[in-house]
Amino acid sequence: MYLPQSTQRLIELALAEDLSGGDITSASTIPADLLAHARVVVKADGIVAGLDVAAAVCAAVDPALQWQALVLDGAHVTAPTVVARLAGPARSVLMAERTVLNFMQRLSGIATLTARYVRELNGTQARLVDTRKTTPGWRALEKAAVRAGGGDNHRFNLSDGILIKDNHLALGGHDVAGAIRRARSYAPHTVKIEVEVEDLAGVQAALDGAADIIMLDNMSLEMMRAAVALVGDRAITEASGGITLASIRTVAETGVKLISCGALTHSAVSLDISLDIAS
Amino acid sequence: MYLPQSTQRLIELALAEDLSGGDITSASTIPADLLAHARVVVKADGIVAGLDVAAAVCAAVDPALQWQALVLDGAHVTAPTVVARLAGPARSVLMAERTVLNFMQRLSGIATLTARYVRELNGTQARLVDTRKTTPGWRALEKAAVRAGGGDNHRFNLSDGILIKDNHLALGGHDVAGAIRRARSYAPHTVKIEVEVEDLAGVQAALDGAADIIMLDNMSLEMMRAAVALVGDRAITEASGGITLASIRTVAETGVKLISCGALTHSAVSLDISLDIAS
Amino acid sequence: MYLPQSTQRLIELALAEDLSGGDITSASTIPADLLAHARVVVKADGIVAGLDVAAAVCAAVDPALQWQALVLDGAHVTAPTVVARLAGPARSVLMAERTVLNFMQRLSGIATLTARYVRELNGTQARLVDTRKTTPGWRALEKAAVRAGGGDNHRFNLSDGILIKDNHLALGGHDVAGAIRRARSYAPHTVKIEVEVEDLAGVQAALDGAADIIMLDNMSLEMMRAAVALVGDRAITEASGGITLASIRTVAETGVKLISCGALTHSAVSLDISLDIAS
Amino acid sequence: MYLPQSTQRLIELALAEDLSGGDITSASTIPADLLAHARVVVKADGIVAGLDVAAAVCAAVDPALQWQALVLDGAHVTAPTVVARLAGPARSVLMAERTVLNFMQRLSGIATLTARYVRELNGTQARLVDTRKTTPGWRALEKAAVRAGGGDNHRFNLSDGILIKDNHLALGGHDVAGAIRRARSYAPHTVKIEVEVEDLAGVQAALDGAADIIMLDNMSLEMMRAAVALVGDRAITEASGGITLASIRTVAETGVKLISCGALTHSAVSLDISLDIAS
Amino acid sequence: MYLPQSTQRLIELALAEDLSGGDITSASTIPADLLAHARVVVKADGIVAGLDVAAAVCAAVDPALQWQALVLDGAHVTAPTVVARLAGPARSVLMAERTVLNFMQRLSGIATLTARYVRELNGTQARLVDTRKTTPGWRALEKAAVRAGGGDNHRFNLSDGILIKDNHLALGGHDVAGAIRRARSYAPHTVKIEVEVEDLAGVQAALDGAADIIMLDNMSLEMMRAAVALVGDRAITEASGGITLASIRTVAETGVKLISCGALTHSAVSLDISLDIAS
Amino acid sequence: MYLPQSTQRLIELALAEDLSGGDITSASTIPADLLAHARVVVKADGIVAGLDVAAAVCAAVDPALQWQALVLDGAHVTAPTVVARLAGPARSVLMAERTVLNFMQRLSGIATLTARYVRELNGTQARLVDTRKTTPGWRALEKAAVRAGGGDNHRFNLSDGILIKDNHLALGGHDVAGAIRRARSYAPHTVKIEVEVEDLAGVQAALDGAADIIMLDNMSLEMMRAAVALVGDRAITEASGGITLASIRTVAETGVKLISCGALTHSAVSLDISLDIAS
C-alpha cells in the first residue's frame, strides 16, 4: 500500500515528540524480550478511520510489531468493537499505544461527525464536501476520513482547483468574467473554475463568465433557491458558510448540488478508542 | 525567538500540502507586484494562541511578508478584535491565509477551552494539567496553548516523567513498590515517579513505595476524598479520568492537587478567526 | 516570493552533490575576503527560464551573494545577452556558478523548445500542453519553463486530474461510461474527467459518458478531423502521441483544442549560458 | 545493494511531485486488491541504464511490488526488448509507471548518447569523460549512466579534484606555478592537480608547475597536436570545449588522452521506453 | 527494537559523509556478487557499547547484510573478544566497516571510561551521573553508553529537568527561593527542581526554597561534608566540577548522593576495535 | 560563508536533542525581553577551532543572536583568552551556550592535539595527515579542525581516493598490479591510486604497478627506511599504524613523506572553554 510521504513525515514528527528519549517507564519495569498482545477497542458508536496510518505507526515504532485490522476504514461500529489487534514486544506495544490512539481517535471523530451530516442529506440530491480548514499537516488524512464518513472532497490545495473570491476580484481589479477568463487561460485545462458569489447578480455574472461551479456564500435560503433556479444545469451549485447539523437539511432542500462544511474538520472531537493489553 | 525544529517541520508539512503547486487562482488573477494589507480578526470571545507559529508560517511563505502581532498568546479577547496585521505581496498574503488561520483557530480553540475549565477551579487548590492525548505532530504547540489558557503541563513525552500503570505492573510482574524501585534506579534523578492507582489499597502501596505523585484514576468522589486524606503531604495527588466541565469543580473540591484532562486537546474545537484583506 | 519546498529540496540536493566537501580549488587559490562580480550571459538565441531558482541557488550557497535578474522568465533574447548579475565573495560566486548554470541551461532549453512548437501553432486554435514526462524531481520547474515558453500545462500529477486510459478500463473491467461514472463519483468535483480513446467508437463512448476532455491518442489526421467534428462543443479535444515540430501544425489544423507533447520536457537540450567573472 | 541517500532523496521528490495526493483515476476505477503484471519494453535501439533506481522507485511506491531486471545497466538492446518485469497490486503498478519510465528514459538516453561518442573513439587512445554539467540532483545517476554507455567519469564535485582555471589565476593573482603550489599544499595528497590552459605557453607553464593533468581548452587541432607533443608523458592531456559527434574523432587523433564532453549529460534526449500492462 | 529518529538521522549523516559517491576501491576490485564474512573484534579490555547502532548502520548500508551480536551492550570483555559477526555482499561489508567501527569505538570508549569511574565508587553511596557535555548529535547514544558502563543519567536536555544556576538568578533578579517558586509554577509537576550553589549559604537558601536537588559546585571537600550534613534527607546532594579519576573517591566519601562528571563524554577516547574479514 | 548541508543537519540534530522542549529553567526565571552579553573564554592553552559552526549554532537558535569572533580558526591562544562575543536575548544566549561549547571544545581539542603532533615533525620532511576514523556525522568539521591544527587531510571518503588494502586483493583475487590496473580503469583520472603494503615485497609490487602513493603499514623503522630508499621519487610514501606522540618523530626521520594518525580524531579530548555571561 502506498503511504504518501507527507503521512510518513507526520508519523515521524509524532513519534519524535513522544519517544525521542525512549519510554523510561517501560524500559525500567518491563523485560526487553517480553511479548504482549493488545486489542484496539472502539468504545463509542461511530465510524472508524485511520487504520492505515495506525498500521504505519506500529511499523515505524518497531518492525517486529504485528498489526491486524479487523475492519476497513469507513466501518460503522457500535461500542464496544475490537477493530484491530496488535502483537509484539511489550515495550514496543506500549510505545506505539498513545500515537496509534491519537491518530485513530481524531480521524474516527471526523468520520463520525461527517456521517452525522451525511445522514441529514438522506433523500436529497446534495453531496457533502469538506474544505481546506483542516489541521495543518493532516490534510490528506482528514480528507480521507471525510470520505470514510461518506462525504466527498473539495479541492485538496491551492493548485488543484480555481476558486475566485471577492479578494481576487478586488485585488486584481477584475469583474467576474474577466477573472474567469484569466484563470481559464492560466490553469491547466483539467481544472474547473469555481466562483464565490454572494447575491443573484453575482450568480448571473458567474454564469455569463461560464463558471463551472458557483459557490453560494452565506445566502439566505430564499436567495439560494432563486440561485439554484437561475443556474439550472449550466453550472454546479455549492452552498457554503455557517452550515450546521441543524441547518444542513433545509439548505439541501434548496436544490444545491454541493454543501461544503468546515466543521467536519475544524470542529470534530475524538471518538473514544482504547488499547487493551493482555499480559 | 527560538522555534523548535518540530514546529518548523510541521509548518513545512502544512505549506507543502496546501501550496506545493502554488496558488493558481492568485497567480492568474492578481499581479505579482501588488501589495496588500490584512488584519487577523478574532470573531468569537476567547483566548488567543498560536501567534508565534502564525508569524513563522508567514516567514516561511515569503520573507517579504511582514507580520505584526498586536496581543500576546494568552490574551483574552472579545469579538471582534484585531490581533495581528499582515502586509506584503498580495499573492503571498493569500497563500499564507488559510495555514495561518488553521493554526491559530485550533490553538486558540484549545486555549479557550482550557480557560473555561480553569475558571471552574476558581477558589480551589487544584491545578489543571493536560495529557499526552494531543494531535500527533502538534504536542509542543498544543501544550503551549494549554498554558496560554491558564492550564499547566503534564509530562511532554515518555522520557521526561515516570508514570507506572497497571500494564507495567502486570507485564513486568511487579508489585507497586518493586516497580517504583526499578524506575527510581533507572530514570534520571531529575524525574519524579508517578503511579496510577484505582483504589485506596493502591494509594497505600504507592505511599509505601514513596511515589512522588499518585494518580487517582476514575475514582468516585468519595474514594477520592479518602485518598486525599490518606496521602496528606506525602505525595502529590492527581485526579484523572472522565473529567468534564460539569464535574471538574466537584472533583477539585475533594482536595486533589492536580486534575488532568484529555479533552483540552482531543475535544477542543476551533475558535472563529478570519483574515480581512484591504485591497 | 514563494519557493515550493520541492524546489528547495532539489536545490539542497544539487548543492550537496557539488559542494559537500567545499571547493578545494577556490579555497586554495582565492583569498576568503576577495569580492567578485559576474554576469550571466545567454550565448544562443532563445527563451530564458529558471531565473528564480538561480536566485535561490545563490542565496543557499551564501547569503552574502547578491543576485540581480535583468529580465523575467519568458524573455526572448538574442545572443549574447546579459540576463543577470551576481556579486559577492569570489569563492561563493565560483561555488554557485555551475549549479546556477545547470539549472538555467536546462530550463531555458525547455522554454526555447516550447516556443518553437508554439510558433508552429500560430493562427490555429490549438494550445500546446506538456505531459507528466518530466525529469523526476523537476516537475514544477519544468512546467513553469513550459509556461515561460508560451505553452500551457496539463495536470501536474495523478491527483489533480482524471485521465482514464485503456489500462483502467481493462484492469477495472469497465466500459467507458462506467469508468467515467466511478471517477466522477470519487474525484473532487473541481476536477475534470478526461478519457483517452483510439478510434471514433471510443470518441462516441466518451461523449455518451459525458467526458469533459477526450484525448485522441495516435489517431491519423483523417480520423482526428472526424473526431473533432463528432465532438463539436460537447468536450475538449486533445491530440496526443508522436507530435513533432514537423507534424504539429497539420495536427493543429484538424481543429483539436489541445496538443500534448512529451518532447517539450523529455527531449529538450540545454541552452548555452555562461557566467563571466570580472576580477 | 547500497543506494546513496542522494538517490533516495531524489526518488522521494519524484514520488511526492506525482503521487502526493494519490492516483485518483486508479483509486476510482481499479479494485484495491487487483494484481497486475507489466513489462518494461525498450522501443528504440540503445543502451539501458537506470535499472537500479527503477527498482528503488518501485520499492518506495509499494513494498508489495516485485521488480525483476532481465538485463544489467550497460546492456545494448535492439528494439523491442523487454528489460524488466514488474508485478504487484495494479494500482501500485500504475502509480510507479511514470516515475520508473521518466528515470529510465533519461538515463538510458545518456548511456545511448555516450555510446555513440565512444564508438567514434574506436582505435584511438583517447578516453571519453563527462563533466559537471549534469542535471541538478542527478549527478551520481547521470555519471553512472555515462559509465554504462562506456564513458569514464571526470571529478564528481568541487572537492574531489583540483581544476585551476583562468578565474582562479586572475582572482587569486597567481601565475600557474604559484596556483599549483598552493593547491598541492592545500588539497589532500590523494587528489591530482589539473590546470586549464588555452595556448602552448599555458601548457609549458603547467608543465613547469608539475601539473598532473592539463586541460587543453578550445584549442585548434593544430595547437592541440603541438601541445600533446610538448607534454609527452609528463602529464595527462585532456581536450575540452565544443566537442561534437562530428569532431570527436579528429580531436582524438591529435593524441590527447582524455576528451571531456558536456553534451553527454546536458544534451541527451530520452530513449523510448514503455510499460506494457497485462491485465 | 525502537531506534530513535535522531539516531537514524545521525546514521544517515555518517553514511552520506563516507559513501555519498560509493566506494570506488571496492567497486573496481571486488565482484558485485561476492559474499564475505567478518568478525568484530575488541582488541583492548573494556566495556562494549554501540551494538544496536552498529546493527542499524549495517541495515542502512545494505538490507542484505546480516549482523549478529554475540554480547550485549555493557559486556565487560578482555581482548581479544569477537563481539559480533557480519555477513553479506563483500562490497557492502567494506562500505559498512569504517562507520560501524567509528560508532562502536567511541561508544565503547565512553562505557569503558565510565566503568573506571564507577569502580572508584565501590562501597560508597554515591552514584555517578553524566552531563549535557556530550558530542552534538550523539546525546542519546552517549547517555546509553554511560549506562552501559554502569553510570546513571542526569537530565537529557533543557526541558526535562530544572537546574537553576547563578546566571538565572542574576539575569532574572531573583533570590533562590523566588527562582524555585517560579520554576515550580512553570514546569510540569513531573520534573524536579535542582539548584546549583557554591557555599553553605546557598545550600541553606536552596533548602529554604525546598529544592529537590542541590548541586554542590566546585566545593572543597570540607565544605561539601558540611553541606551534606546540613542537607540531610531534605534534598538530594550532587557534587559537580572538576571531578577526576583521582579525586572521585574522596568526593564520594563526603556522603554526596550523586557525582556528575563531564569527562565521561567529553574526554573519553576510543576503544580499539577492528573488523576482520575472512575471504 | 558557505556552510555544508551536512553541518547544517548536524546542528539541527544537536539543537533538537537539547532544545526540543525548550529551556524550562530560563523560561520560568528570565524575562523574555531581557538582553545579555557573553564572552567565549578559552581556559587552557591550545588551538581554537569551530568558530564558524558556533556562529551557525547561534543563528539557528535565534536569528536575533549576534556572534562576533575575535580570532580565526587555527589561532594559538594562551589561557584565558576571549575568542568570541555573543549578545542577544538572554534566554537564547543560555539556549545556545551548551551546544556552542560542545562543538568548540571538541573541535579545539582536535586542533590542539594535532598541533602537538605537528610540532614533533619540526625540521623533518614529513606531513601529518588524518584518517577516516572520525566521529560519525562530524567528518567535515573534524578534518577542518585538523587543518586548523596544522595537519593535512587524507581522502575524505570512499569515493575521492583509491586505497587498495589486503582485503581488496584477497576478496578480489588480484595481485597488486592487477588491482591497480582495475582501479585506474574504473576511477576518475583525477584520483590517485594508493596501495597499502606490509613489507618490501609489497613495496616493490606497488612500484611495479605504478601506484601513486604507497602506505607503509605497521612497518618497523628499519623496514620503513628501506622502503623509503626503494621508492625514491617514484611514489609518495605514507607511514601508518600505531603512530603516537612518542614515536612520530622517529617515524618521520625515516624519510617518509606522510604520516597518518587516527588518534587525531578518535582520541582527542575537549579543550576547556566556557561562556561567561555578563548580566
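Should a chain be cited, it is by its letter among A, B, C, D, E and F, assigned in written order, with residues numbered from 1 in that chain.
Definition applied: a residue touches a chain if its C-beta (ideal position, glycine included) is under 8 Å from a C-beta of that chain, and two chains touch if they have at least 3 such contacts.
What you see is a predicted model, and the numbers here were worked out from it, not measured in a lab.
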Selected interface, D-E versus E-F, where C-beta contact pairs are more numerous: E-F
Chain separated most widely from chain D, comparing mean CA positions: B
Listed chain pair C-D, B-E or B-C that repeats interface A-E [over half of contact pairs the same by residue number]: B-C
Inter-centroid spacing, chain F versus chain C (mean Cα positions, whole Å): 44
Interchain centroid distance [CA atoms averaged], chain D/chain F, Å: 32
Of all residues in chain A, the ones touching two or more other chains: 6, 16-17, 19-22, 95, 140, 156, 159-160, 162-163, 191
Sites on chain C touched by chain A in the complex: 127, 129, 152-156, 159-163, 188-192, 194, 213, 236, 238, 257-258
Chain F-touching residues of chain B, taken from the complex the two chains share: 1-2, 4-6, 140, 156, 160
Residues on chain A engaged by chain B in the complex (per definition of touch): 6, 9-11, 13-14, 16-31, 34, 36, 90, 94-95, 98-99, 101-103, 105-106, 132-140, 156-160, 162-165, 167-172, 174, 179, 182-183, 185-187, 191, 263, 266-270, 277, 279
Of chain F, residues touching chain B in the complex: 12, 15-16, 19-22, 61-62, 64, 89, 91-92, 95
